[in-house]
Amino acid sequence: MTFSGGIHPVGDGKELSCHQAVRTAPLLEKYFVLLAENAGKPPVPVVKKGDKVKKYQLIARADGFVSANLHAPTSGEVGGIVEVPGPMGVPAAAVEIIADGEDAGEPPFEPLLNWESIDPEILKQRVIDAGLVGMGGASFPSHVKLSPPPGKEIDTLILNGAECEPYLTADHRLMFEKPEKVARGAAIFGRILGVRRPVIGVEINKGDAIEALERFEDRFGISVVPLLVRYPQGSEKQLINAVTKRAVRSGGLPMDAGCVVQNVGTAAALSDAVMKGIPLVERIVTVTGDVVFSPGNWKLKLGTPAIEAVKLAGGVTEEPGKLIFGGPMMGFAQKSFEVPVAKNTSGILLLPTGVSVNYEASGCIRCGRCVQGCPMNLMPCLLSTAIEADRFDLAYQNHVMDCMECGSCAYVCPDHRPLVQNIRRAKAELRK
Amino acid sequence: MDNTILLYAALLMGILGIVLGVIIAVFVKLFSVKSDPRVDLALELLPGANCGGCGKAGCADFAKVLAAGEVQPANCPVSSSEQIAAISLALGIDAGEVERMQAVVCCRSDIGEVRKMNYNGVQDCVAANMVAGGPDECRYGCLGLGTCARKCPFGAIEIIGQVAVVHRELCVGCGKCAAACPRGVIKLVPADSEYHIYCNSPEKGANKRHFCKAGCIGCRKCEKLCGSKFKLSGFLSQVNYADGAVVSGEEVRSIHCPVGCLLSVEERLEAAYNKVKGNKK
Amino acid sequence: MKYLELTVGAVLVNNFVLTRFLGICPFLGVSKRLDTALGMGGAVTVVMALASCITSVISNYLLVFTVNDRVIDLGFLRVLTFILVIAALVQLLEVMLQKVSPVLYRALGIYLPLITTNCAVLGAATINAESGRSVWEATVFGTFSGIGFALALVLFSSIREKLELAAPPKAFEGTPIALVTAGILAMAFAGFAGLC
Amino acid sequence: MDNSNNVNNIKLPTGKKLVLSSSPHLSAGVNLRQIMGGVLLALLPAVFAAVWFFGWRALGVIVWTVFCCVAAEAVWCKFAGRPVWKNVGDLSAALTGVLLALCLPVSVPLYVPPIGAVLAIWLGKQVYGGLGNNPFNPALVARVGLLIALPAAMTLWTPSRGMLDADYPERSSFFRAADLNETENADALTCATPLSVAGTMPKITGRSEEAENNFSRFANRDLWKRWFFGDRAGCMGETSVLALLIGYVILVALNLINWRVPLFFVGTVALISSLIHYLWPGVTPEPVFHLLNGGLFLGAVFMATDMVTSPITGAGCVVFAIGCGVVTSVIRIWGNYPEGVSFAILFMNALVPLIDRWCGRRPFGYVPLRKNNGGDR
C-alpha cells in the first residue's frame, strides 16, 4: 500500500545506523531545555535561577490550549532562563539546568495500570500533564489532536511508523526494541479517541520492526500495515491516503477525513506516562551522517547540546559541510553545534560538503520530474518560474499554498533549482 | 455624365453618413455610461507609478477616492508639491498637508563587517531570512540581497557592497521597501530630517561587538546631550521622529557618536562607496 | 470546397496576421495577457463579420447599379465607404463594451478605437469585394478571418505570458522578442500553404 | 570554543565549514549534462544508420553542424556575459546540433549548417534567455527556417546505399529516367523521396479502379522492409525507423521522455491516413507508407518529446501529440509541402502554454473523495 507521487531516495543512509541498538547517554553537566519547542505558545517557566529541581519536576507550564508542559530532564539546580542558539537559527529562551549528578526524582504521576477500564478523559489529562507533543517533527501538542471539535467523527487512528526520511532510524529502533510500548501507546490513544482498532503504518524496509509489532497485534487490538517504501509516506495526508485511501481535502486537517495520526515515539512516551507515571524528558535521537565516526541511536535528555551528541558518536572523520536537525529532506540546517535537542529532534545529521546539494540553477528545462514526484499533485517547476519573476499571484492560482515542502521536487530536479525555498518565499509573501 | 456620378456619389455618402450617424446616436443613448470626468482628470495628473504609497491599490483607485473627496491630493507621496497644486487646482479641492517621508536603511553592516555564514540558495532577503534566521550573525541587520531594491518602483535603492543604501533624491517615501524588508531594517522617516542612527539591533552592545564593529552600543551619549531628541529602545538609541525631533549638524558634532552611528544621509552614502573602493584595493 | 477555402483557408492557410501580415498593430499591442487577447479577438471577429457583411452589401448593390440602362460604377468610393462603415461599427462596439464590460474596455484601451484602422478589417472587406463574393460568402469569410486573427492573438499571448517569466537579454525584452516569436509562428503557419 | 578540545582523542566539528541552505539537503544526483548526454546516446543508432546508408559525408556533416552549434552557443555566451563553459558543458547545444544535422539531406552544401546553427541557437534559443525559456524547438526553428529560405539546398536528395542496386524495388519512381542508367556515378546523382513522389502524384477523389491503382506501386513489402531499415532517400537521420525505435527504447528506459508522445503522435498519423486511404484510396497511400516515410519517427521520438517545448503533464502530452499527428497528416495529404512533421511540431509548440494551462493537475485532496465527513466546504 502506498500513495501516488513521491520519490525513492537512493542510498538513503539508513544502513549507517539501523543496526545500532539504542544506547543511553551518560549524564552531562548542563542541560538547556528549550521553552519554545512546541508548535503554538511556549510554556511559561515556573522555576527561577537558583531553584533546586528534581528529575521529572515541572519547570514550565503550558500556556493555553495549544501548548505543552515541560519537565526537568534531570535533578539539579536551575542556572537561569538563558538564551541559547535555537533550532530555527535565532537565539531561543531555554531553562539551564546544572545537573547534580544524582539524576534522582520520583515519577510525579500515579501509574494507571488499569488504563483499559478507566475513563478516557483521565487518560487524556495524562497526555496533557506529561507534556506530550508530536515527536515526528512538527512538535504539535498531542492532546489537541485528541480533542476533535464536535461534529467531527474520528474513526481511524494511524500511528506513523513510516520514517520515510533518509538516514533516520530512531523510530525504527524504537519499534524494534520496544514494540510493546508502541503497541500499548497506540491502544491508549485508541481508547482516548474511541477508535476500535488503531493502525500502525510501517514501511517494509523495517521488516524486523513489523515482525516485532505483529506479536502484540492481538494483545492490544491493533493492526500493523506494511507500506511500500516511498518518500514522503510519513506526511500525515500521504499516510492517511496510503492506509485508508482517503484524501484529506486541500487546506484541511486529518480530522476532516476522520483520521488522527500520531507518531510512534509519542505513543511510546504515552505508554511510559500511563504505566510508569513519568513525563516526556528524553527521546531517541539518530546521530548520523557520512562524516560521523560511529553513527547510531541514543536516548538523549531534552536540552542536550548537539555537540555532546556528536561526542557520543565518536566525533567526525572530517569537517562537516552541513549540520541538520531532523532528516535530510525536511530538516533544518543549523548554524551552531550548541543547539540543544528538543522533543521533536528525531535526528542530528552531519553531511560532508560533497553530499549535500548545491543549489546552482541555470534554467528549468521543464523535464517534469518534479511534477511526477510531487505527492500533492502540484507543478513545482511552474510555481518556481512564476516566483522567480515575482509573480506570486500566478503561484497562488497554481495552488502554491497546498505545498507541504516535502522537498521531493528539489530532490529530483536535474538543474538543482531551489524549488522548495522559492515556494517558501512565495508562501511568506502571500501570508503578508 | 460626370455630374450624375458625382450626384450619386454624394447621395450615397450622404445617406450612409446619416444612417450610420442615427444608429450610433441611438446606441449611445441606449448604452450611456455615467462617468465622472474628474476621475479621468485626476488620473491624468497623478504620476501613474502605481506604487501604492497612498494606501490605495494604484493610481486609478486613488483618483476615484480623490474625486469623491475622501482624500486630499497631498496623500500621494510621489507627486511633487507643484503636481499636487495642479491636481488640487484642477479638481477645485484643498491640497491638504501630509508630512513627506523618506526611507532610511538603518544598518551599517558593510562598515561593521558583520560575519556571514556560507549561504546557498535563493538570492532574496525574505527567502534567506527563513533559512536558520538568515546567514549573517546579526539578526537585525541588512542582508543585502536586494529585495527592497527590486521592489522599489523608483530605483532609489542601491546595493553597495552587500548593504542597501537609499538615494535620497529618488526616494518618495512610498514605503514599499519597508514593507518588503523581512527584518524591518528600513524605516520611514520625515523627509526633512537629516541625521539618523544607522543601526537596527536592540541587542546589548557587548553582544553586538562580537560580530559587528559599527553597531550602536547604547552609550546614551546622544540622549544625555540632546535630551528628548533621542530615545533608547532596548540597547538601541533612535532619533525621536514621532515628536518631530530634527537633529542639527551642530548637535551631531557635539555628540560625536563614539561608534559613528549618527550620520547624515550623504555621509552614509559616501561611507558605503568608500568602503567598496577600499575593499577593491 | 469553396467553403473550405472560406473557413479553413481564412483561419490557417491565409491567416490574416501570420500569412498576410495584416493587423500587426493590435497583434503586438494587446497580446500581453491572454484574457485581453481573447477580448480583442472577439471584438475584431465581431467587427470583421459585420463589416464584411455590410460592405459586401454596399459593394454588391450600392456601388454598382443601373439607372435607365446606364451602369453607374461608384467603385472609387469603395475604400471611403468601407472605412465609414468600419468606423461606425467600432464606435458602436466601443459604446457597448463600455457599458457591458468596463474591465475589458479599460484593458483594451486605445487599441479598441484603433480597430477602425486595423488593416485586417479593411483587408477582409476589400478581398471580398475584389473576388466578387456574395453577401453570405463574404460574411462567412469575414467571420473566419476574425477567428483566424483571434487564434493567432491567443496563441501569441499565451506564449508571451510564458515569456514574461523568462529572462531574455535586456536588448530583446518586450517587442523585439515578440517580433521574433511572431516570425517563428509565421514560419509554422507557412506549412499550411496549399491546403485549399 | 572549548568543545573543540579533543576528548579521548576524537575529532570534533568546529562548524567553520557549515553551509546554510533550505531543505531538502539531498539531491538525486542527476544533472542536465546527464540528461542531454542520455538523449545523445539515444541518437547514436540514428547516426550510425545515417553513416551506413549515406556514407562518410554524413558523419562529416553531423560533426560540422555540431561544431557550428557549439560555436554559436559559445560566441553568444561570450558576448552576453554568461559563463561559456557552463552553457556549452550542459551539451544542449551539441544535442541541438545533432538533431539539426539529422534533419538535413546528406548532400547539403556546407554553408547551410552555420546558417542553421545561428538560426537554432541564437534565434531559437538564446534570444529567449537560453535553455529552458525557448517556446520553440531550436532544431526545428532552424530546419523550417532553412526549408523556407533555401528550399533548393534543403531538398537536394541523393540516393541511399541500396538504391544504387538494380534490384531496388520501384527504382524508376525515384530517379529521373535519364539518370537511371548512370547509378554508378553516385556522387552527382539526385533522386526523389517517396513522400515527394507521392506528393506530385495526382489526387483522385472518389472510389474507382484508377483511384485504387494510384498508389499501388508503394504497396510493396520488399520496399517497406527497406524503408524500415532506412534504405531510401531523405534526411540523414529520418530514414531508419529501426534506429529511431532503438532510440525510443533507450529514451524510455532512461526516463528521458514522456513515452506517450511518440506513441500518440505516430498513432494519430496512422489513424488519419488509414481513414483517408480507405475512404478515398486515390488521395493518399497506405498508412504504412506514411509511418515509414518522412521524418515522422525522428520528429515523434526526438523533436516532439523535447522537454522544454512540450507540455509538462501526461494529459497535456497526449493532447500535444494528437495535435502534432493531426497537423502532420493534414499537411502531408493536402498541403503543398510533401512533409509536415516539422511544421506540425512547431505549430503545436506554440500551443503548449495553452495546453499547460488547460491540462493542469488537480492538487491532492482538492475534491474530497469521501462524502460523509470528508470535508465539505
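Letters A, B, C and D mark the chains as written, and numbering starts fresh at 1 in each.
In the analysis below, a residue touches a chain if its C-beta (ideal position, glycine included) is under 8 Å from a C-beta of that chain, and two chains touch if they have at least 3 such contacts.
Since the structure is predicted, the reported quantities are computational estimates derived from the model, not experimental observations.
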**Report entry** Other chains in touch with both chain A and chain D
**Finding:** B, C
Requested in this report: Give the chain pair that accounts for the most C-beta pairs in contact.
Outcome: A-D
Requested in this report: Name the chain whose C-alpha centroid is most distant from the C-alpha centroid of chain D.
Outcome: B
Requested in this report: Go ahead and note the Å separation of the Cα centroids belonging to chain C and chain D.
Outcome: 34
Report summary line: Between chain B and chain C, the Cα-mean centres are separated in Å by 44
**Report entry** CA centroid of chain B to CA centroid of chain D, Å
**Finding:** 51
Report summary line: Among all residues of chain A, those touching at least two other chains are 89, 332-335, 359, 418, 421, 424
Report summary line: Touching two or more other chains in chain B are residues 117, 120-122, 127, 130-132
Query raised in the report: Mind pulling the chain C residues that touch 2 or more other chains?
Result: 166-167
Query raised in the report: In graph terms, with chains as vertices and touches as edges, which category applies: line, ring, star, complete, or other?
Result: complete
Report task. Provide the residue numbers of chain B that touch chain D in the complex, in ascending order. Result -> 117-122, 127, 130-132, 135
**Report entry** In the complex, chain D residues that touch chain A
**Finding:** 3, 7, 10-32, 34-35, 86-87, 90, 129-133, 258, 307-308, 310, 312-313, 356, 360-370, 373-375, 377
Report summary line: In the complex, chain A touches chain D at residues 4-5, 7, 9-10, 89, 152-153, 166, 237, 241, 245-250, 252, 256-258, 291, 293, 307, 310-311, 314-317, 319-324, 328-337, 349-351, 353, 355-357, 359, 362-369, 371, 375-379, 381-382, 398-399, 402, 405, 407-408, 410-416, 418, 420-421, 424
Query raised in the report: In their complex, what parts of chain C are in touch with chain A?
Result: 164-167
Report summary line: Interface with chain B, chain C side, in the complex: residues 58, 62-63, 67, 72, 74, 77, 80-81, 84-85, 88, 91-92, 95-96, 98-100, 102
